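Order of writing sets the labels: A, B, C, D and E. Residues in every chain begin at 1.
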Amino acid sequence: MYCNKIPDKPVDNEKIWKKLDDLARANSLWITAYGTGCGAIELRPLHTSRFDMERFGIAMRPTPRQSDVLIISGYLSVKTLKRVIRVYEQIQDPKYILALGSCTIDGGMYFDSYNTINILDRYIPVDVYVNGCMPRPEAVIDGFILLMKKIKEGKAVGWKRYKENLEYYRKNQREIIRNWDLPDYNW
Amino acid sequence: MNVFYWTVAGTASGLIIVGLWGVLTRKNILRIGLAFTIADTGVNLLLVWSGYLPGRTTPILNGDVPAAEAVSAVVDPLPQALVLTSIVIGVAVAALFVVVAVLASRRLGTADIRRMKELKW
Amino acid sequence: MIRTLFVLLVLLVLAAAATSVIPHLKMRTELDGAGLEYARRGLEDTGSINLVTAVIVAYRGLDTLGEVVVLFSAATSVMLILSLFPLGRGPTDPSFIVAHTARVLPAPIMLLAVYFTTHSHLSPGGGFPGGTIMASAFLLVMLGSSSTPAGSKILPALEALSGTTFGLLGLWGTMTLGQFLNNRVIGIGNPGYLVSAGIIPLVSLAIGVKVASEFSGIFAAFRKSGGNR
Amino acid sequence: MVTALAVFLPLLGAFLTAWLTHRNERLSLLITRLFLLAGLAAILVIAARLGAVTDGGLENTMILRTGVMTPPLSIDLKVTGWSALAAVVVYVGALLGVGRFSGRIPGTQPLLLTLVTTSLGLMFATDFFNSFVFIEIGSIITIGLTAAGRCRRRWEVALKTAMISGLVTILYLLAVVIVYRTTGELRLTAISTMTGFPAILVSGLLLTVIMTEIKAFPLSGWGLDFYQGVDKNFAAVYSSTWSLAVLLWSARMLTVLPLPDPGVLARIGAGGLVLGQLAGLRQRDPGRMMGYSTSAYASILLILAGTVHGADYLSLTLLFFTFASLSKTTVFLMADPEEEDDPWKKVSGYVLLLPLLCITGIPPFPVFWAKIRMLTVLADISPLLMGAVILGLFFESVYIYRLWSSRTGPWQKKRKYFDAAFMGAALLAAGTVWTAAGAEQGLSLSGELFRAGFVRDLFLAIFAGGTLLSLPGAFRGGPGEKSPAVWMLVSGVALTLLPLSGNGLTFYVLWEISAFAAVIGVSKGARPSEGTFWFAVFAGAAGYLLLASLVLSDGAVSSPGIPMLLVAAAALLKMGQGGAHLWNVRAYSTAPSTMAAFLSGTSSKAAVFLLVFSASAAAILPLGTSLAWIGALTALGMAAMASLESDYKKVLAYASVSQLGYVIMGIGLTSVLGWTAAIYHTFNHFLFKSILFLGAAGVIARTGTSDYDSLGGLVKRMPLTFTFTLISVIAFAGVPPLSGFGSKWLLYNALVEQGMLPLALVAMFASVVAFLYAFRLLYAVFLGQLAPRHYEVKEAPLAVLAPQGVFTAVLMALSFRPTLLLDRLVPAVASIAGLGGEIPVIEGTALSTSLGYWDAWSVGMMVMGVFGFAFVFYWISGRRPIHVGQLDIGFAGELPPSPEEVHYAGDFFRPFRRALAFLPEIHASKVFGGIVKTADLAGDVFRSLFTGDARTYLLHSLIILTVMILWMKGGTP
Amino acid sequence: MTRLLVSVILTSLGALVYGLLLGGVSRVITASIHGRIGPRLTQNFIDLWKLFRKESSIHHGTMFWMAPMFRLTGGIGVLLLVPIIAGNSVLTNMSFSGDLLLVLYFMFFGCLGMALGAGDSGHPYAVVAVSRGLLQMSAYELSFSAAVLVLALGLGTFSIENIVSAQQGGILNWNVFRFPFATAAALITFLPMNMTYPFNIVLAPQEIPIGPPTEYSSRFLSFMFSGRAIFGVAKLILFVNLFFGGAGSWSSLLIKTFLLYMYPLFVSPVFPRFRTEQSVRFLWFVPTSLVAVDLLRVIL
């Protein structure tokens, strides 16, 4: 019922279009509309006329299949992590992760909770962190611009890292998620 | 003689009507059988009556009635023959009816025809 | 009550409607139709003095055969039903009078019956009255005892024999004269004598025996159905 | 001599067995059989001598004189060819029944033998009083054997019979007195010379006697009770001997009754037929149903006596009553009298079918020939009377079908139940062949029937091809089904012969054979009773309508419009149009799937053929608009129903009816374009509906279910089936470039040409709604989530797959080159007289009218080109995608619970249901339920006459007698 | 033949570009209505390229695979069947192979393919959306085809070219003035046809993310977008041809289609979404009764 195929390691063999591709990718960031934590409330203003993220070509997509960016909006509990892993793996390459708030960096005010993730990067590859508790929309946009810059420079390669070090990430994930029932890779 | 003739006819018709009335209104099956016999009797009487001719004798051509005068002396022999048959048939039917009625009332525990309506519609 | 009244109403209306037939059924003063013919030529045709017997046995012999069959069917049916569904009530002991009468009377009764049967073409009587009388003798015998008379065993045989005789006598006519139950197969002889009128006496006898055995059979069946002592 | 032997041998046997019966039962039974055989031989000799089976032989006479001299003094028995043949049946019936009845109940042989003699005597009797004697013997034996039979309610039945015969005795003897006093003799023929009130009185008395004896409604109460309660094996004997004898004697009596107006008989009969059979509609007790059927035949006798005369009368009565009696005997022989509540419980409907169909008079069974001739005569006298008779016969067939279709028991293996019954069935079959061989022909449908030419050949191809291609899959039934192959073949062969039939009668016979073979085929399904019953009822109704039209168009009285109307109604019923889809849905969904494919794909085209060929365009013109509207509304309504249905086969059934709505629409237009559209669509529908149903057959055979909720995802297991289904769905949805669009294009052109824009709109709406069920069908069965229990499902069997392949190939060819068909079809349709409108022009691959144009080839090429380009472009433009698992879907980060829960198939178009909520719910089942309920209520009124109280029955007789006397008295000055 | 081929390719490409551009314009205008800056005009091209160049993609089965091709074929097919510029022998493309009826029915081709792909994806939301979409389609097709049939009956032809030529010679000959009610109805059905508010029940992202293409990604999605863009242009041209006098030249074509394209923009941003049954009933009754007026005029 699930496709259990482990993805191939990414290879850079298409040099010709790369520049153009990166440009397009940077200017067309589609977000998975998925609020993982308290920070999701800060994303809504991005639509409004005051912040208007559409001018950067950023749009919300309701399905991971069509999006490029997953925003981790705040702390992740163990329970949410499982869902995040599944959503992240279902996004097609190339894909980027924008982590919002202190909690994603070091656990923030929940650092000693039995049930939250302290260092997100151990479980999924984060491309850009935006700190603050919570970061304001302006900060989020700033994070996006940083992400766009990284993409244009070809440095936003979290997705490659994830594929190359899948065993490492899986080990960490399995450590913290006790009732692990996801397939080998969530296509 | 006419009076006698019509009296017999009237009696016979009366018997038939009484018999039919009995058949249609009595509830006990044995009485219904009896009513049938009454009506049957009426019919037989009517049958004999139909062969009646005033002042004539039996259709037996012995010394009293010479064969040559038979035509003007005897009553009609045919109804007499018919009524014999009819009576015998009546007896046979009555016997069978009684047997069925008796057995029916024994087996069904009642002689009331209103209880024998299991088959309907 | 309503039902009774309704029934009465229907019957009266029916009777009233049927009264219109009265003018058509006025008393006859002269013979007509088939009756006339019978009276005129009955003796000549059949050799039977008794015209009723002539009609019953000769002219309309088929009716009589049917009549016999009616009895036969009824008797067989009654016997069959009673054998399948016994009444289950045994006979009581006959009273002294009945018991003794049953010893004396049957013989004269039989004599009368035989006379009736064999002289059907000469005098009032015939197979049916004769047979019935014979059966009454049998009935008397049976009432006189508390069991089924031993003679009842031969009743079916008698019945079969007489019935077959009747049938064969009829077929004889067909074979010789092409007319079923024609009594003239052996000539009509001298009217007025015992041996005359063709096979009428024979047929009467057969009828008598048949009727007697059938009625007796019915009586016996009732007795058997009740169970012997 | 032989005559005497034939009549009296059984009697001698009776005397003999009466003696033997309690002594040696086996010998007695042997003797019984021997005497019966000897008698049979004798009567056969007589029949042969009289030349009874040749023309005019029925009236040849042989006289058995009895007593001295000649009638009126003595009595004759008169054997005619007519009564000799009936006597043969009497003997046969007795021979068939003797083992089953007398073999079981010792001591009944003499009575049985006597009953034979009596029956013969009654049939041959020429004397009024002699008949009485025979009637009495018959009654006595009936009472006796009823009481002796193995049945719980024997006493009640015997008593009722005895009371009835008591009344008959009285009434009859009264008649004897009057007859003798007024005519002076007792020959039957003398009665007819009577005049005045005695004649009326005697007529009344005798008519009452006859109606009571033959159990004509409303004097049939005791007969119904009799058949319900009596020992069924005795009923077997009774039907062929005494019942038949009484019927035939009554047939003779009715001709000599001095009635003021014999037409009265027909009216009494027709009224009794309709009302009596109406009362029987609701009947559930099988024995009683046979009683009602007997009552129907009694009414038929009255009708015949009132309308038919001479040689026709003889042959008709003979055909009707001998075969009906023999059939009834066969039915009763199959009963197991030990089963009190339902003696046929263990008998499978399959076995019962032949005799039951015989009784209902479906062609080619003998009663049919009689029926059609009777109707022909009636049509000349009064079409209204004919209509009443047809209605009554239809009612009869309804409960007979119910009797049949509710028998679902397995094949009864015990030989003792079936030896006699099989012999009866064999005799019936032989009789069928014999009468069919000698059947009178020469009736024809109105109009220009059976024109040879392309259109006819096209239908021929549809019928033959459809049969051949549906057949391979039919050899093995689906889960829980039996193989309908034989019946499909019979039905298909009859269908194939349909276009070749030379006249209307042949057409009708083939039509009915095809329909009822199909009914049997349907009964092989897993849940057969309901669908079979409704199919049979509707097929029967269509058949009767067709019959009525056939007879009326042959007659002189009516206008030509009415037969056309009836034909149209029959075709509509057959195609399930205008609310008649009830049967399609029920039959298709319960039938074996291949049978459904045959019915929907092939068999339904017979109705189109009927319309196209029987309707001269001029005759159909007045009906045209109504037909078109019926078709359009059916197309729309059924499409909506199909969208809301969630059973695979039911959806296909609705879809089938909906698609045929377009055909009706096209025919209703009576223009060249319309008819071209209709016939073209017929062919299309033949192709894609066959594919769809065969595909369904494969799916159901593999998965064992036809419920949308439990299917899904099968494309991964049955890719070929899916492909074929997909193609046919695209075709019937009318999406270019496949062929369904062609018919739509023609149809809209025709509609707009005729200015029928509202119709076009409805058609358009229907075709859009068709998308709903088209997609739902594909999705719910083949797409979506594959349930784990279907993981092991294999591709459909080759026997249904290969025909689908063939159909699909034809469909594809037709899609890209419709001119292959249209090249010939358009001129053929254009040559049909009376069709107006313009003729479409074909140039190369393009088709054009003054309104528009359509080039299927270039459209096809364009689609293939663009599609191919897109495909290739996709293929070369990047990496192959990864094929993921069925539950690898974006599910809000969750793992989907299970395929079944994710598969969204049930109540798929719920918003549609909601949007339609403003409409009152009019289900055909409710409409028909209402009709059935009304008929039941009406029937209950008449049923309540039969209170079960024997005295009431006697009272009925007396009331009828009174009424008749008063009526006739008032009628004559 | 070669000319035809070239014309076909160019028309398709042109329509793609034009369709994407129109999409961009509409996004910008919508943003303006919202008081935002909005994306670049070329945003749609960027999105398309991004999708087309995604590194990986998944598929669920053959029908899933083929659905984007169906969509594309449907779009291009309708485009090719409609004569683009009246009198221009090249730009009539394939319109010789079928009339208005063919176009009407060919419009289902892409929808059907899309629906099949959505079904094959096995995603319940996709199928819910298909159910809604088909229902809505069945509703708007009723009034749209009614309007079209009124035109056909009124002008006595099913041929689009003939319909266009019948509208020549002055603005009052346009069908929008000859059949105002039918045109109004058709314009109402234009909204659900383009899946804009208030008829946006198929792609309703807040209810059923995001309808049929839920499972589509990467190149599949780019094909679908292209197909939709081309199909949109084809529909515009069809409407212009049917109701607005057709296009005699490039400029009139661009102006007319652009204006027609703008019209939903001024309706959709201010409306909430219908429920499915509301939408269906609205489309059954309101536009159809409008058509009925013209229908009566034509028949009488």
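Operating definition for what follows: a residue touches a chain if its C-beta (ideal position, glycine included) is under 8 Å from a C-beta of that chain, and two chains touch if they have at least 3 such contacts.
Just so it is clear, the model here is predicted, and its values are computed rather than measured.
Colleague: Provide the labels of all chains in contact with chain B and in contact with chain D.
Modeller: C
Colleague: Can you identify the chain nearest the overall CA centroid, using each chain's own CA centroid?
Modeller: Answer by centroid distance: D.
Colleague: For the interfaces D-E and B-C, which has the higher count of C-beta pairs in contact?
Modeller: More contacting C-beta pairs are found at D-E.
Colleague: Comparing centres built from CA atoms, which chain ends up most distant from chain C?
Modeller: Chain A.
Colleague: Averaging only over C-alpha atoms, locate the centres of chain B and chain C and give their separation in whole Å.
Modeller: Whole-Å distance between the two chain centres: 16.
Colleague: Once you find the CA centre of chain A and the CA centre of chain C, what distance in Å lies between them?
Modeller: Centres of chain A and chain C (C-alpha means) sit 118 Å apart.
Colleague: Measuring from the mean C-alpha position of chain A to the mean C-alpha position of chain D, what distance in angstrom results?
Modeller: Here the centre of chain D sits 71 Å away from the centre of chain A.
Colleague: Would you mind pulling out the distance in Å between where the CA atoms of chain C average out and where those of chain E do?
Modeller: Taking the mean C-alpha position of each chain, the two centres sit 104 Å apart.
Colleague: Do you know which chain E residues sit against two or more other chains?
Modeller: 53, 55-58, 209, 214-215, 218
Colleague: Specify, in ascending order, the residues of chain D that touch 2 or more different other chains.
Modeller: 129, 133, 136, 140, 143-144, 147, 180-181, 186, 882-884, 886-888, 890, 899, 955, 958 - these are the residues of chain D that touch more than one other chain.
Colleague: Could you list the positions in chain B whose residues touch two or more of the other chains?
Modeller: 20, 24-25, 50, 78-79, 82, 85, 89, 92-93, 96, 99-100, 103, 107
Colleague: Per the touch rule above, enumerate the chain pairs that touch, sorted by label.
Modeller: Between chains, contact exists in these pairs: A-D, A-E, B-C, B-D, C-D, D-E.
Colleague: So in the complex, which bits of chain E are touching chain D?
Modeller: Result: residues 52-53, 55-63, 65-66, 68-70, 72-73, 76-77, 80-81, 94, 96-102, 105-106, 108-109, 111-112, 115-116, 119-124, 127-128, 130-132, 134-135, 137-138, 141-142, 145-146, 149-150, 152-153, 156-159, 209, 214-215, 218-220, 223, 275-277, 280-281, 284, 295, 298-299 of chain E touch chain D.
Colleague: Write out the stretch or stretches of chain C touching chain D in their complex.
Modeller: 7, 10-11, 13-14, 17-18, 20-21, 24-25, 32-38, 41, 45-46, 58-63, 66-67, 69-70, 72-74, 76-81, 83-84, 156-157, 159-160, 163-164, 167-168, 170-171, 173-175, 178-184
Colleague: Applying the document's contact rule, which stretches of chain C touch chain B when the two form their complex?
Modeller: Residues 3-4, 7-8, 11, 15, 25, 27-31, 34-36, 38-40, 42-44, 49-52, 54-56, 60, 63-64, 66-67, 70-71, 73-75, 77-78, 81-82, 85, 87, 122-124, 126, 128, 191-192, 218 of chain C touch chain B in their complex.
Colleague: Can you tell me which positions in chain E touch chain A when the two form their complex?
Modeller: Against chain A, the touching part of chain E is residues 27, 31, 34-40, 43, 46-47, 49-51, 53-58, 205-206, 209-210, 213-218, 221.
Colleague: Show me the residue ranges of chain B that touch chain C in the complex, using the header's touch definition.
Modeller: Touch residues, chain B against chain C: 1-2, 5, 9, 13, 17, 20-21, 24-25, 50-54, 58-62, 67, 70-72, 74, 76-82, 84-85, 88-89, 91-93, 95-96, 99-100, 102-103, 106-107.
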